[in-house]
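Heads up, the next two complexes both have chain A, just with different partners, chain B and then chain C.
Presenting the complex of A and B:
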């Protein structure tokens, strides 16, 4: 039985480039990969948000209302809804002055998971333990 | 020359803005450029705001990012798309996009 660990590092600001949302979408889509796996094999993705990527973890984004596009906030909430671990770098949040009460949760969607604010050292451990690290 | 410069990135990887000279310089912060108006990285406002210019930031792009008027630096005027059109036609001769 093998468990493939994937670390998705989201490191860019939430808009202008589709890159961060693409990373989150890839992480969410891990469930569809399971049909390609042998019995007993699993895939465990972890989303790690670092650097300017933390700017995407601000609630009340009005991307849909103003531009008709899905917000990065909604992608983050969707990650939580499918029970992904979403780790956000504590140091980078402090650097940009983002407090935990400014961050979204997906309680309204019925998610059990919440964003985990962790020191970068913990994200480093996730990277070290991952079989594959994907940067977005 | 009356020059308006659109800044659409938070981290600028070109120094063109430092080289541009104008009698009247307007800096219009759009897209990720609005972070210059709203973030205080390590407690300090963006160095861009130290320039001798009139600053504007697009309200829609601030709100898209989950930020509000309260987060905008006092030296920056929040503007709508309509306001930007007026600035282009009435206040500046030339427009640049960085």
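Presenting the complex of A and C:
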């Protein structure tokens, strides 16, 4: 199979665990995976943010200022910069009271992509169409 | 023969997930399958050498070395490992060091992927 579709399911909050950031950086690494693959082989990741994971999709995080570490927000922006599809569950955003204007974009970094707020049914389709699902 | 790639993210001490991973890998090998193991996050404690096996704690060094001897490819996330103060001379012999794309590449060539998330 030449192209392998991976669904990265980000479901943990952006605190207490490094999982969300690990998930995002693993997805971003698709940019360099070709050096380890044969010609014509590709990996296509899709980032799906669900559950408490949506808490990491709030802009103006102060992780660098307060803890000296890169924020989950910055990782989300990096995903957009490298043209990853980032799908965020609409129902979970509503559950946590997060509106779309509270979410970051990566326009300042020159990204063309933006976060896509979608119903869970659409994320379910991505999961069903993926060759492998990776839970973070 | 199938190819199984395992991504392990749970810490060695405080979680039984790595213990399960060792047993599963051993079972897969016995059935003739190829096994790859990607070690990331807090799981990088698995690859530290000179672990003292106190009976109250799980140990990763011996089972990991045994799996490598049997042909299992084990790779640790270099950034995760160095961030925890484990240097290359501190690692079990035969452990590879690479970036996250190693995992994605192994996933690409696998029949099954078992991703064992962290805490």
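Structure notes:
Keep in mind that, in the parts below, the second predicted complex is superposed on the first by the 135 of 136 C-alpha atoms of A that agree within 3 Å, B and C clash if a C-alpha of one lies under 4 Å from a C-alpha of the other, contacts with A are read in each partner's own complex, and residues count from 1 in each chain.
In this section, a residue touches a chain if its C-beta (ideal position, glycine included) is under 8 Å from a C-beta of that chain, and two chains touch if they have at least 3 such contacts.
Bear in mind that the values here come from a model prediction, so they are computed numbers and not experimental data.
In the overlay built on the shared chain, the residue A:25 is in contact with chain C alone; chain B does not reach it.
In the superposition on chain A, A:63 makes contact with chain B only, while chain C stays out of contact range.
Using the contact criterion defined above for the overlaid structures, shared-chain residue A:36 touches chain C, although it does not reach chain B. Touched residues of chain A, counted separately for chain B and chain C, are more numerous for C. Look at A:4: by the touch rule set out above, it reaches chain C but stays clear of chain B. Of the two partner chains, neither chain B nor chain C is touched by A:120.
Applying the stated contact rule after C-alpha superposition, one finds that A:95 touches chain B and leaves chain C untouched. By the touch criterion defined above, A:73 lies against chain B but remains apart from chain C after alignment on the C-alpha atoms of chain A. Residue overlap on chain A between its contacts with chain B in one complex and with chain C in the other: absent. Across the interface of their complex, chain A is touched by residues 7, 9, 40-42, 80, 99-105, 107-108, 110, 113, 115, 117-119 of chain C. Of all residues in chain A, those touching chain C in their complex are 4, 6, 17-19, 22, 25-26, 28-33, 35-37, 41, 43, 45, 132-136. Those residues of chain A that touch chain B in the shared complex are 13-16, 52, 55, 58-63, 66-67, 71, 73, 95-97, 102. Partner chain A is touched in their complex by these residues of chain B: 8-11, 31-32, 35, 39-43, 60-61, 63-68.
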